[in-house]
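Heads up, the next two complexes both have chain A, just with different partners, chain B and then chain C.
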Partner chain A sequence: MRVIAQSVVAGAVLLVLSHGALAYDFDGTRSGEYLVGDPPDVQLAAGPNHLVELVNSRMRVFLKNPLGEMASTVDLGTLLGCPGPFDPRVRYDAQAQRWYISAARFGSQDSRVCFAVSRTPDPTGPFIQYQFVIDPTVFPDFDTLGYNDDKVIVEFNRVPVEGASPPIAQTGVELWILNKADLLAGGPVRSQSVFPGTFVMPATTLSSNTTLYLENLEETRIVLMSVTGVPGVGGGAVVTTLPTLPFSANFVAPSSPQKNSDNLLYTVGSIRDVVYRNGKMWASATSACTPSGDTQTRCCLRLVELNDNGAGSFSIAQDIEYSQANTYYFYPAIGVDATDALVVGFGASSSTIYPSFYATGRKATEPVNTLHGPTRVAAGQAPYGVNCLLFGMPLCRWGDYFGAAVDPVDSHTIWIAGEYAAYPTPTWSTRIEQVSTN
Partner chain B sequence: MTGLMRIGTAIVVGGWMVSAGAGGQPGSEPAVQVPPPRSVNVSKGVAPLFFRVSPVIVIVPSGVVQVGTPAPEQQTGGKAAEPAPPPSATDVLP
Partner chain C sequence: MSKSHPLMSLACQFAALATILAGCAFEGIRRTDPSTDSPPDVQVAAGPNHIVEVTRNVMRVFLKSPLGEVAAAGDLGTLLGCSETKFPRLRYDQQAQRWYVLAAQTTGSPTRVCLAVSATSDPTGAFASYAFNLPSGLVPNSSGLGFNDDKVAFTTNELGFGWVLWVLNKSALLSGTVTYQTFSLSLSGTVTIPATTLSSTTTLFVGAMTTSLLAVSSVNGVPGVGGGASITTQNIPITYDEVPPNSPQKGSIDLLLTSGGIKDVVFRSGSLWVSATSGCIPSGDAVKRACLRVLELVQQGGSFSVNQNIEYGAAGAYYFYPALTVDPDNAVVVGFGASSPAIYPAFWATGRRTSDAPNSLRMPQVIEVGQAAYTNGDGVVDVLPWGRWFGAATDPSYQRNTWVAGEYAPFPVFASPPTPPYTPQYATRVQQIADQLF
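And then the complex of A and B:
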């Protein structure tokens, strides 16, 4: 499949982004606010009446009407029953009408991945807490969440700690498959632990499906797995490694410069999101490429759509490398609406741009392998300067990901949340934006 | 994966730092936030990955929390959590 370095549909209007008089966007959380950490690792999910934003390590609940009014705020450690959580994730499961939240926690003898499920569609109501206890010698990192009709998957990286006693048996990746009916009942949950042998990210499944897919974009192949069955029912969950797809990418993404600063943003390359809907599966990643009209390697967005051909067979439908000369794009968060329109929220920075929040997207009816030109959602106001001595170098932690969510009521609305550098330096702020695909 | 960067045998993990700042009330900030370490070292000689699926494991809820509304920013959140069983309470079924 062809890869387009700079793919733009000229003149068409996909994104109805409002600025100024119409308040369809608002700031979520800002660095320095009450017990908020740096960097944020912002996440977003949308329910019937609420938006939930997570950062390290706080949850804020905003109303959709009036838009942006804060309905509740809670320490994520309290919500999860898990002190010092990090790498928060949130999803709203429209079919189940529940919110799922996860985060990791590391302690010398208390490493866990913490999970909570709401009892109702109201995120200001009660949540049931569950804990996945991990070998005390393992640092759990970069937890991810996926779900489908009958399962929820929580996955995390197992980072071994040197000198641990006893030594851990396995490093790499671990995932837990949870019986969704048990979760919704709020009692004991039948589950199965899986070491998949390689990193794969569980899909957010937005159309009815009893198979939950997992995917990773690697430099020479696309790795796919499926999970069928349910823990504790019949033969339980079955994890199947599917045929890989040939692929070519560079995920050694460079750090990103920012305007008026010698500090670089530590922008990590690799997969960010996987969304399955209507027989299609989109994955997004930060990659490295040389944009058209450029001579240097920059951070770029890689967006790959697969066709589900049935019986575990997938094929590449679209493969887009989205970039701009002299500019660094990173952390694409994706949402897919009922018509298979794609919306991407992502970060941008360069020697002439403060760290900013942008969006792009495409309608399903538009030419394949094309995206609209970038739309700026929130302009950076200053260089960022917190946590800027990583590895003894002038590298700033800028977080690992942004958030996107399809509205469960208006399927032509996708909400995105991203981070931008805010004045006065060196703070960050998040912006939540309503994107219409009509 | 993400948040990790290998330098020699060291892995730096995507940690974060707490900034109890402008939104909080002086003296009211609970000292319960413990940032994870900024770095850990990779253990040498760790067994390679292999594919494995466990039998069914039953995980019991560790607690219930009521987020509540409205909640002023100064609160750390949830009202009273119900008494919780140990978080590691799991039973492996045959």
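And then the complex of A and C:
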């Protein structure tokens, strides 16, 4: 457990914890395992008694007590009824006491977005599968997952398949809006499909709200949408484009060098997480910036907090560009606690740093637009070297995102999961860390 | 409250202030790594800039800054010039600024014990290796390694003969020549370990323990100098159950072979600390379990007396392989293994400060949780060797900082579904424990 506030001294606390109760981080999934692919695309969610980590294409369920013990491991394809799934996402909905999992599948005759919901808060129990079949002339990419009181939204990109025949189906971003009450009932689910016209990521909604917001950080503006109503009820779900907010960012993030290797990590810029809680909405992204004391463009973290002013009006409360000279930061996964404290798990690499898993964060009471100094969760031990001929260049796939989740039992605990380069090269490994915001 | 020191990375300062155990640890050698063998017999030592871990067949050098990066990795057989490297031992001698690595070759003729000595304080540099052949028909079956101002000593359990103490002229060894004497010990049938000496003394102490006495041998003089080395032994009455039971584990019918006997002997500033695995019936229990025995002997008028005698166990649990080190304040850190029908094989730690109540150790802390059973999966009750010891070392750059390395059962990684009986998998973790802990 890593405590954000340096004023809190937890040393004494450790010594009165009960027998065997203390372990705050543990091994996650590691490359080389049967049916685990490269890169992992790490995801994490926390339930009352379990932690669930997803990678391509495996689900691992860990106990919270004793922390880190393996409760089960499942092939995601089997769980989803969706062979060869990729871009996995997982959320735990504390209000509904259910786990949501999504992933995409692409095949020449079988493309789908796959979704599963648990029947209980126990992720080792049964899941109900739902499939969204897609014309195989499009490639379903970078699915994302959000929810609120009455809806679950799976968003994905319909990327045209080059040379596909028959003619290409509709492309672009699609929202698959699911009636949450139907999902929880376990029967047929009323849903709507919407093409919003631009990429927006649905929020993980951690406080009660019948509006589900979607957001994207673009280079000159913040795009916002809302979804009200419920599929199959009254007029159904209504997607509304909200006023954009002026913004300035560079999301053409460079690839990240790593120590002792000519191979770069392909670290893509763009939004990674959106979390809505108590009238505030945090978004995280990998961006490009020139850190203080530097003269070159590096990968940086961009963290933006919006105030929900009501009636679809938002304003920027905080806008943080988090960087370090000569260093590349990427894939910020965020969790927000009940007091608006923020925890960020992210990747770091440079010509002097092996690919590592770092964390930072802030309490709501701290000066605006500040984050703590970075804390290393798991040091990279060696250079990474798998799948390193991307686009014919010395680029390695390092995945697209890390994972973070608020604990539903202790809202001052946030869990993060991330990837680091393990020894012996070229393996990757993941580590799961408990962070307290108390 | 801040007791940061130059060695600590930012992450470790942060962790030491707030959580102590997290963030200052890293992944060690795993069974899935090339050239490894079972069991590992984990050892760790700390130099000015490096942490070195050895297990059977493998040596890995990690940087202290950035903590956990792999600086070098090698095959112990190559380093030592031995065709087999069982029962490895490792020490860093701060006074001499050298690393000592010891292992046994149990096959071939002659069998031998191999010792390597670094040329400098840099373990990535050159080592000089020396082979000590055993008489025909004798097979080394365990080892111990220690040093003081003027001697380096190791012990071997030579099957068919008993424990033998080998004493080397340290000055000669550091200059590249070997002058030694061997001693047969009065308690030749029991584990005998020379002390790691952390304060200046020309007497090298050696510990051995039977069910009724603790024998402390004092070696004075130096081989090849004057009358050479001589040995005297003081027998101190104690009660000790040297036969702990094998340790059950969660999730498997297989047992861990957790052997008894002394594991570490450390001398510092008049105190001789001894750690051992014992058999005991913990408070509140009715069954004999594996327990830790930790003794402190103090020098009084040229002889030792027992100052503290600690039996450390827990009802229903099995504790084993206490690796011990001592800081300049006589605070003790102990890394050890834990297992039970409710606990997967795990790596834990405890310790005490000088100001703590005599004959007490703190509550155990989980360094790394076991995630699964250590099993070959064949459905038959097997007793699987879990090694013979863990590792602990004091940091020479900041002696209130200690390092422990131990073994745990990770969730096994298989490239394809395994067919029983398969090779069970262990992993090791190296943990920094700063003085704020105890």
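Observations
To be clear about the criterion, the second predicted complex is superposed on the first by the 415 of 438 C-alpha atoms of A that agree within 3 Å, B and C clash if a C-alpha of one lies under 4 Å from a C-alpha of the other, contacts with A are read in each partner's own complex, and residues count from 1 in each chain.
Criterion: contacts are C-beta pairs under 8 Å (C-beta built on N, C-alpha and C of every residue); 3 or more make two chains touch, one makes a residue touch a chain.
Not measured: the values here are computed from a predicted model.
In the superposition on chain A, A:Q381 contacts chain C only, with no contact to chain B.
In the superposed model, A:G187 lies in contact with chain B only, and not with chain C. In the overlay built on the shared chain, the residue A:T370 is in contact with neither chain B nor chain C. With both complexes placed on chain A, chain A has more residues touched by B than by the other of chain B and chain C. Contacts of A:Y354 after superposition: chain C is touched, whereas chain B is not reached.
In the overlay built on the shared chain, the residue A:S207 is in contact with neither chain B nor chain C. In the superposed pair of complexes, A:E33 makes contact with chain B and with chain C alike. Of the two partner chains, both chain B and chain C are touched by A:T73. Applying the stated contact rule after C-alpha superposition, one finds that A:A422 touches chain C and leaves chain B untouched. Chain A uses residues 32-34, 70, 73 to touch chain B in one structure and chain C in the other.
Within the complex formed with chain A, the chain C residues making contact are 1, 9-11, 14-15, 17-23, 26-27, 32-34, 60, 62, 66-70, 73, 250, 314, 317, 338, 343-344, 348, 362-372, 410-411, 413-417, 427, 436-437.
Touching chain B in their complex are the following residues of chain A: 31-39, 41, 56-57, 59, 61, 70-75, 77-79, 81, 83-84, 86-87, 105-107, 112, 116, 123-133, 137, 139, 141-142, 157, 159-164, 167-173, 178, 186-199, 231-232, 236-237, 239, 241, 266, 268, 270, 272, 386-387, 390-391, 397, 399-401.
Residue ranges on chain B touching chain A, taken from their complex, read 1-5, 7, 9, 11-24, 29, 32-37, 40-47, 49-78, 81, 84, 87-88, 90, 93. Chain A makes touch with chain C in their complex at residues 1-3, 5-6, 8-11, 14-27, 30, 32-34, 60, 62, 66-70, 73, 259, 353-354, 356, 373-382, 422-424, 429, 433.
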